[in-house]
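Look for chain A in each of the two complexes below; its partner is chain B in the first and chain C in the second.
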Partner chain A sequence: MIVGIPRALYYHSYSYLWKTFFDNLKVEYIISPKTNKDILKKGKILSTDETCLPAKIYLGHIDYLKDKCDYVLVPRYLGVDKINLSCIKFNSMYDIVKNTFKNIKTIDYNIDYIKGCKIKNEFIKMGKKLGFKSNVASEAFDKSYKEFNNYRMHEFELQESKVVNSELKKVLILSHSYNIEDEMIGKKISNILISNDIEVILSSKFISNEDKSTNISKTLYWDSSRQILNSLEYYKNRVDGIILLTSFPCGNDCLVNELIIRKLKNYKIVNIVIDEVNASAGLVTRLESFIDIINGITI
Partner chain B sequence: MKNKISFPNFGNYHYPIQVFLKKIFKTDIIVPKKTTKNTLEIGAKNSPDFVCLPFKYNLGNFIESLKSGANILIQAGGGCRYGYYGEVQEAILKDLGYNFTFINLMENGSFSIHKFYKEAKKYNKKLNIFTYYYHVLVTLYNIYNMDLIDRFVRRNVKYELSDGILLNIKKSHYKRILDKYGFINSLKNYYTTKHMMKCNILKDESQDSNLKICLLGELYSLIEEEASYNIESYLLKNHIEVRRYTDLTYLLITKRFNEKKLKRKAKDYVKYNLGADGLDNVAHALEVIDEGFDGIIHMKPFSCSPEISAVPILQKISKDKNIPILFLTFDSQYAKGAIETRIEAFIDMLNMRKDRDKNE
Partner chain C sequence: MNKYYMGIDIGSISTKGVIIDCDGNIIAKDYLWTEGNPINAVKKLVQSLYSSVGNINVVSVGTTGSARYLIGKILNASVIKNEITAHAIGTMSRVKDVKTIIEIGGQDSKIILIDNGVVVDYAMNTICAAGTGAFLSSQAKRLGVNIEEFGSIAKKSTNSPKLSARCSVFAESDLVHKLQMGYKKEDVIKGLCDSVVLNYLNNVGKGKKIKAPIVFQGGVSKNIGVKESFEKELNSEVIVLEDSHLMGALGIALIAKMSKIEKKFDFNIKDFNFITKGHECSKCANNCEVVQIFKDRELIDTYGNKCERGKIVS
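And then the complex of A and B:
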């Protein structure tokens, strides 16, 4: 039995948890390759034209996986409570996949505060569907969840040491993890920055138990945007510039970014929107001029 | 300075809402100007690029009201992104240099009717909780009656004796809402209107074969007629029976109780709730197909995520059940002619389909 994991959307936040969970259960899995032009093209054809870019990419990945494995992992994520909701796209991703691909076999878990679906129970359910007893699945989950938390802590500390020790100019990229880590969206930008000798700080690696996002926004109810605001509060005075990275047409970002730009007037911020057109010349020009501003070059 | 309160336009519901606010706050109410092309232009100019259309209309309404002297603005919320409008709009308007107080009815991620009481108490010290909830109930009853009248008009417009008479009677109903207040008056008002309407229709069997179209989609495009270029009025004028589930009664009351029913209806296509009105639209589409409707028009503003999620599912339903669905997307480009042409073509197509089925 082979489980297919699409390398898109929540893969970039939960990949380590999924991989260790399946490793612990000794389930074979394959992961789709990094997003490339073919996957994007396929995703574009499969989805309605107004869908956001990460969702298009997601369908492309599923299309790649659908014949290569027995089950495709398609979780649904609503939120853990009333004020930590996910983007509305993830509420419906499961049903979109089911309706777009005929006869696709999926395994899913559903994190939904209204139904009281907790992450551990849902993973145990998923383990049962794969043919394991609940105590085996439970043990595997506990172990992998611990490792997952350690891994995230480790990543955060690594980034922290970068911020403290690096002599280079630092730029904070603020976005959702599925934008930052994707080859066709965020990686393009970090590669350009790194080749220009800039230290890249990523908001997706930040973890904290405190909620400081209320300094900027009081009525926010999306967990992913809250993570962005928290990391902004944490890093804003320790970096030289901030990039707000959005994929077109992200509903949450366009409101939250508007608020960030209006509230933080004395910081160097650039708002970059990426869409499915793959021309990098304009992007390079904008980033280079932003780097010039950071370096204090005036004409 | 005297307090002047304003709120964004929302279809015809500004009639009961302005009466409600007057009773609660006991100050002047500035009724938002009728939404026009100009409203959209002002709103779009000051909004983020790809925010959804209601945000732009609301912001336009606010700016117009502020220009005519309002100094307290009220914004509600709920559902998808709508709950987050208030905070961003406040920041934008403050940056534009207006001086005002903003009442945002969102609390901990949901729309709170009790928070409004606390806010209103600051301005009207004499208000107590019993009178407040009395006014809330009367207003809800008014809204409920309005929706009943609306549903009656949509169902019976094809039987009307002279063109446009039902819509005119509907307008007189709204005027009476402003004049008389209270449960009894609402009830009287409702029956007066209903009686007048019944006098002006004649159930004629030759009209029974008229087209039946269901309007689905995002709530603002459906309720605020100006935002969808008066599609509904256009259909009604052409004596087409229209079904529209989304109105304020549905959103505030019915929706809370029928998620299970909807899921049962849509179980072949949908497993989970799609967020906002996505699931409702899928289930309602299936319902009207069972009832033998001729076509469905699905409307949404650009970048409305819940409706975009519903689109692939509706497309599949359209293919499976062999029913035409017209998908319309609205943005800040004002293109009344283009939309009308598409609607006309859609109606022609439905008529031809109907004739063909009859001949076979």
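And then the complex of A and C:
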């Protein structure tokens, strides 16, 4: 039995948890490749034109996996409570997948505060579906959840040491993990920055139990946007510039980025929007100019 | 021997070039249409610069504009830099205390904010080319006017109609409608200039504090009608320098000079035959668009490839 893991959307936040969970249960899995032109093209065909780039990419990954495994992992994520919700489009992703790919076999878990679904119970259910007894699945989950948290802490500390020790100019990329880590969205930007001798700091690596996002907005619903605001509060005075990275047409970011730009004065900020059009000339020009601004080029 | 520096700005519509001396004075300049063939345009440009100054000692070349990589490789440039920095540096060399640069070119428009001689913020038009030079010249064609006369015709207008400023496609249908209603041509042309300005301020200039001194440049700055609309809308003087279209080229020449990287430039480049070949590499799923440049059938550079596999050696 093989589980297919799409390398998109929640993968970029939870891959470590998923992989260790399946490893601990000794379930075989395959992961779709890094997003490439073929995957994007497939995703574009399968989606309606109004959907955002990461959602299109997600469907492309599912399409890649659908004939290569027994089950595709498609979690449904509504939110953990009333004020920590997922974006409405991603919330519906599970149903979109079920409707787009008829007869697709999925394994899933459902984080839905209305039904009171706890992550552990959901993983146990998932384990049962794969044929494991609940105590086995429960044990596997506990172990992998611990490893997952250690891993995140490790990543955060690694980044912290970069912020403290690096001699290079530092730029914070402020975005959702599914943008930052995607090969055709955030990676493009990180690569350009790195080749220009910039230390890249990622908002997705930040972890904290405290919620400081209320400094900027008290009434934000989306947990991913809160993560962005929290990391902004943490890093903003320790970096040389901030890039707001959005994939077209993200409704949440439209609101949140505008808020950030209005509330933060005297910071070097640039707003970069990535869409499915692949020309990178404009992107390179924007980033290079921003790097010049950070370096303070003058006559 | 005196040292000279060359700056070339290859835009989508026009190609600009200058040669400066050690003190930053322009000693040769030219401006011509790119006509979709940047290599030919640059060869012509080099020829023209050569015929005005002869074979002088150019020690460093800088390229900017959308074809900067291609031309930079061909001319063996010391610096290849984005047009925003180039424009800022060029303008600052002329107007020391400039705070805002408005730039409207053939296909893109930009705003550059400067504080104490350092660029602090910028914005560029995104996927929409509304209100740029390309839009104005296509409208000029529709109205049967020469684009060069656009500004002077607009000046005659006494009563300009409001045209949609949100999108140039709608502006165009608006324009036809106004003409059919019986508005005079000069009024409609002035209306177009106004809509370019409103469009710019609503899209590119959105949320930016525009402070004087304001310098307006790029090809569209030659259009007096647009300049006056800007002044009316911003309620402030807008400076258009005599060489406003050359600021990018001047800036990149200055950057080449500052870089202190010297690579001897040979004017005979104009006699070589350059060919480029573009193809999609199919060695992996990235499908990079790889461009190869040949100088008299000899491959001098490949670019666009993300990895070594895309590099073609022969």
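In the analysis below, the second predicted complex is superposed on the first by the 298 of 299 C-alpha atoms of A that agree within 3 Å, B and C clash if a C-alpha of one lies under 4 Å from a C-alpha of the other, contacts with A are read in each partner's own complex, and residues count from 1 in each chain.
Going forward, a residue touches a chain if its C-beta (ideal position, glycine included) is under 8 Å from a C-beta of that chain, and two chains touch if they have at least 3 such contacts.
Everything numeric in this text was worked out from a predicted model, so none of it was measured.
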item	value
A:Pro33 touches, of chain B and chain C: first, second, both or neither?	second
First (chain B), second (chain C), both or neither touched by A:Ser161	neither
Chain B versus chain C as contact partner of A:Arg76, first or second or both or neither	first
Partner chain(s) touched by A:Asn150 [first = chain B, second = chain C, both, neither]	neither
First, second, both or neither for A:Asn110, with chain B first and chain C second	first
Contacts of A:Lys268 with chain B and chain C, given as first, second, both or neither	second
Which of chain B and chain C A:Asn135 touches, first, second, both or neither	neither
Which partner reaches more residues of chain A (counting touched residues only), chain B or chain C	B
Contacts of A:Ser208 with chain B and chain C, given as first, second, both or neither	neither
Touching both chain C and chain B, counted on chain A across the two superposed complexes	262, 273
In the complex with chain B, residue positions of chain A that touch it	47-48, 50-52, 76, 78, 82-83, 85, 87-89, 91-96, 98-100, 110, 112, 217-221, 248-252, 254-259, 262-263, 273
Interfacial residue positions of chain C with respect to chain A in the complex	66, 81-85, 89, 92-93, 108, 117-122, 124, 126-127, 207, 254, 258, 284-287
Interface residues, chain A side, partner chain C - complex	33, 36-39, 261-262, 268, 270, 273, 275, 277, 281-282, 284-286, 288-290, 292-293, 296-299
Interface residues, chain B side, partner chain A - complex	48-52, 55, 77, 80-81, 83-88, 91-92, 95, 104, 106-110, 269-276, 278, 302-306, 308-313, 315-316, 329
